[in-house]
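Reading through the structure tokens given below for one structure.
Labels run A, B and C following the written order; every chain starts at residue 1.
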Amino acid sequence: MAIITLTTDFGTKDHSVGAVKGRILSEMPAVTIVDISHNISPFNILEAAYILKNAYHQFPAGTIHIIGVDSEPSPENKSLIVALNGHYFIGGDNGIISLIAENNSPDNIAEFNVPNLVRNSFPVLNNFCVVACHLARGGKLEVVGKPITKLKDVKDFEPRITNNGNSISGNIIYIDAYGNVVTNISKTLFEAYRNGREFEIIARREKLKKIYNSYNEFIDFDLSTNQRKGDGDFIALFNTTGMIELAIYKSNLQGAGSAATLIGLKYQDLITINFL
Amino acid sequence: MAIITLTTDFGTKDHSVGAVKGRILSEMPAVTIVDISHNISPFNILEAAYILKNAYHQFPAGTIHIIGVDSEPSPENKSLIVALNGHYFIGGDNGIISLIAENNSPDNIAEFNVPNLVRNSFPVLNNFCVVACHLARGGKLEVVGKPITKLKDVKDFEPRITNNGNSISGNIIYIDAYGNVVTNISKTLFEAYRNGREFEIIARREKLKKIYNSYNEFIDFDLSTNQRKGDGDFIALFNTTGMIELAIYKSNLQGAGSAATLIGLKYQDLITINFL
Amino acid sequence: MAIITLTTDFGTKDHSVGAVKGRILSEMPAVTIVDISHNISPFNILEAAYILKNAYHQFPAGTIHIIGVDSEPSPENKSLIVALNGHYFIGGDNGIISLIAENNSPDNIAEFNVPNLVRNSFPVLNNFCVVACHLARGGKLEVVGKPITKLKDVKDFEPRITNNGNSISGNIIYIDAYGNVVTNISKTLFEAYRNGREFEIIARREKLKKIYNSYNEFIDFDLSTNQRKGDGDFIALFNTTGMIELAIYKSNLQGAGSAATLIGLKYQDLITINFL
């Protein structure tokens, strides 16, 4: 059964998500619809890209991903179909798909070429669903899209190598449900410059000298030492998106607090790693 | 595969929605369950009606819509099955289905007539699911319902024509995820009284003299003019529910603000259109 | 079609839930995935147990329930597969499954015994999904689990019988979407000690002398009396989870207020019942 995913800033209260699902099921009863997220901050293309980039590759090849963020077509925001890494992405040419692709070249980039395109403020409902169902039925991309050569190029913050290769300066690119902060410094980049050296990660007034591979790796489970660290400690780890993340161990936004609230880290804040 | 939708004020944290889906799947494994919304404000029948009215007709004919808002049966709130426009609605006789029907006469109105009705505080789980699955299996409405003649009549705010047909006074009936405000003045009503005249829309201290058909229609994409309007401007448009909506272009509740926060517009506030 | 449910503290904004669903559908396209809740408070095992306990038994026997709360494996938190009442539970040995089981003995308790277990911070994605899909395909538990003898024993607050059987002291164990508060005093316990006596329920400064079986049972629908009680009154009822609940009739967190906000009742607060 074909799979269509939805990533939007529609929220889950309004009629929008329900209407879209109804339209898809009317077009094509035998389809699996999966919500990636409907809580993207309004018009936030960086957030939409971050979330979908870290979810889409878990789906089977051939999955169709509808992106309902900043999707209203305009001369500067054409509606696109992009084939990338075996998946289809349908959304505006606003940079989201470009950010998801990163350095990978799409296999195919096409702008919508559909008769009877509806021009109103709900293109996801009126146009994206039609194109998604065409692809979900195994229809050819060429029937609904006209090839174009490139995506609008948008860049997120990128880490800088400074101090003659002795420092990496990065930024916080996402704050997750636990208030943990994700940086744009990847494990790959970190290891490429580390060369076995000691290091310190500087986040506001805090310094961290170790990066764990999981939250619990931080804990000394040998109770005999009686020096057990635990809830509330501030740690760095390589998270499962491949990036360096700063976290409060078992953070709780409603209780003890999180990396965001306790350390005062905000979106886009500077994080520096100095190799010693 | 039969489709059952859910529109409730249960929220998405509690066990309620999960329990209802489990019950439906126990009764009938091969059914598609779709969430319209579980974030209706508690007991808010106007909001429930607005959201479901704008979503249900996108679903295929025969879809069964369970309404879990103010659904506990009482002498004044009978549990109903209503056939309307090819869809089934199951909910209390509290005005929601009446508001959805508007001026359309239902094809069939029946109150529950099921042996072993459970009398407790969770009728959606115990009774609505059973009736919904009966219909989803193709069972006849007559087997589970006893015909009654009319729905409880509830009216939402309605726009008034004033000033000898030179003004329309309406109200804000919904504030959406972006903080845009939806009025109860439809494009149809507006055009019926406009007769080609200029007009002004008055919303608190703001005046608008144009209504767009999409958000981007407002933007002058001819960059040579160097007078580009954009993010943060206050505009009116005919939205895709057929109503006049007042919006901040690319509003962001977490950033610049929205029509609700910037202009100070609240639910039920008066919106006046004067034809000039 | 096999059913896999998800109960997590991942929230619905991040990529986590989408990634998990993608992984499951990649392993096994013909499966029904149902969200129980993704809004468990972070690391709150009592809340997770309360919500899943009240939802799981509505699903058909054989359903597989993935629990993504405090799930990272450690020497103190083994990843488990538990067969209980005809259902499978997959989660950490952190007390959640123990709390769900209460006094029921699981049919089978096994710790993960899978080659290539991934050790990182997202075991639900990397390990739980694999085990769940094995079971969903009808695979034997013994192939992926090694039997162990018991679950970690965790107890929630339990009601105490005091005053020579003339009082029951309980606690608030959950506050629901309406702000109604659920106590840990069951109808069964209450009736076992009541012996037909009058009683008073004491919740901070409020006293209640009656327990209803539904919200509307409280209302006198005989309008002729002109003494109609209604919205805003404070009542006690036996709710559909079998517990005594204290509620504001038609409470509205955004309007009149709820039992939690109006009466000032908080999680864990003492509730006393005195038999008179």
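Here is the rule we use: a contact is a pair of C-beta atoms (placed from the backbone, for glycine too) under 8 Å apart; a residue touches a chain by one contact, two chains touch by 3 or more.
Given the structure is predicted, the values throughout are model-derived calculations rather than measurements.
Engineer: For the two copies subunit B and subunit A, is the contact made of the same residues on each side, with over half of the numbers shared, or of different residues?
Structural biologist: different
Engineer: For the Cα fit of subunit B against subunit C, please give the angle of the superposing rotation, nearest 5 degrees.
Structural biologist: Here the rotation carrying subunit B onto subunit C measures out at 120 degrees.
Engineer: In whole angstrom, what separates the CA-based centres of subunit A and subunit B?
Structural biologist: 31
Engineer: Provide the list of subunit B residues touching at least two other chains, using ranges where the numbers run on.
Structural biologist: Where subunit B meets two or more other chains at a single residue, that happens at 12.
Engineer: Touching residues of subunit A toward subunit C in the complex: what are they?
Structural biologist: Those in contact with subunit C are residues 1, 3, 5, 7, 12, 32, 34-40, 50-60, 63, 176-178, 213-216, 219, 221, 237-241, 250-255.
Engineer: For subunit B, which residues count as touching subunit C in their complex?
Structural biologist: Its residues touching subunit C are 9-23, 25-26, 29-30, 33, 41-44, 70, 72-77, 119-122, 125-126.
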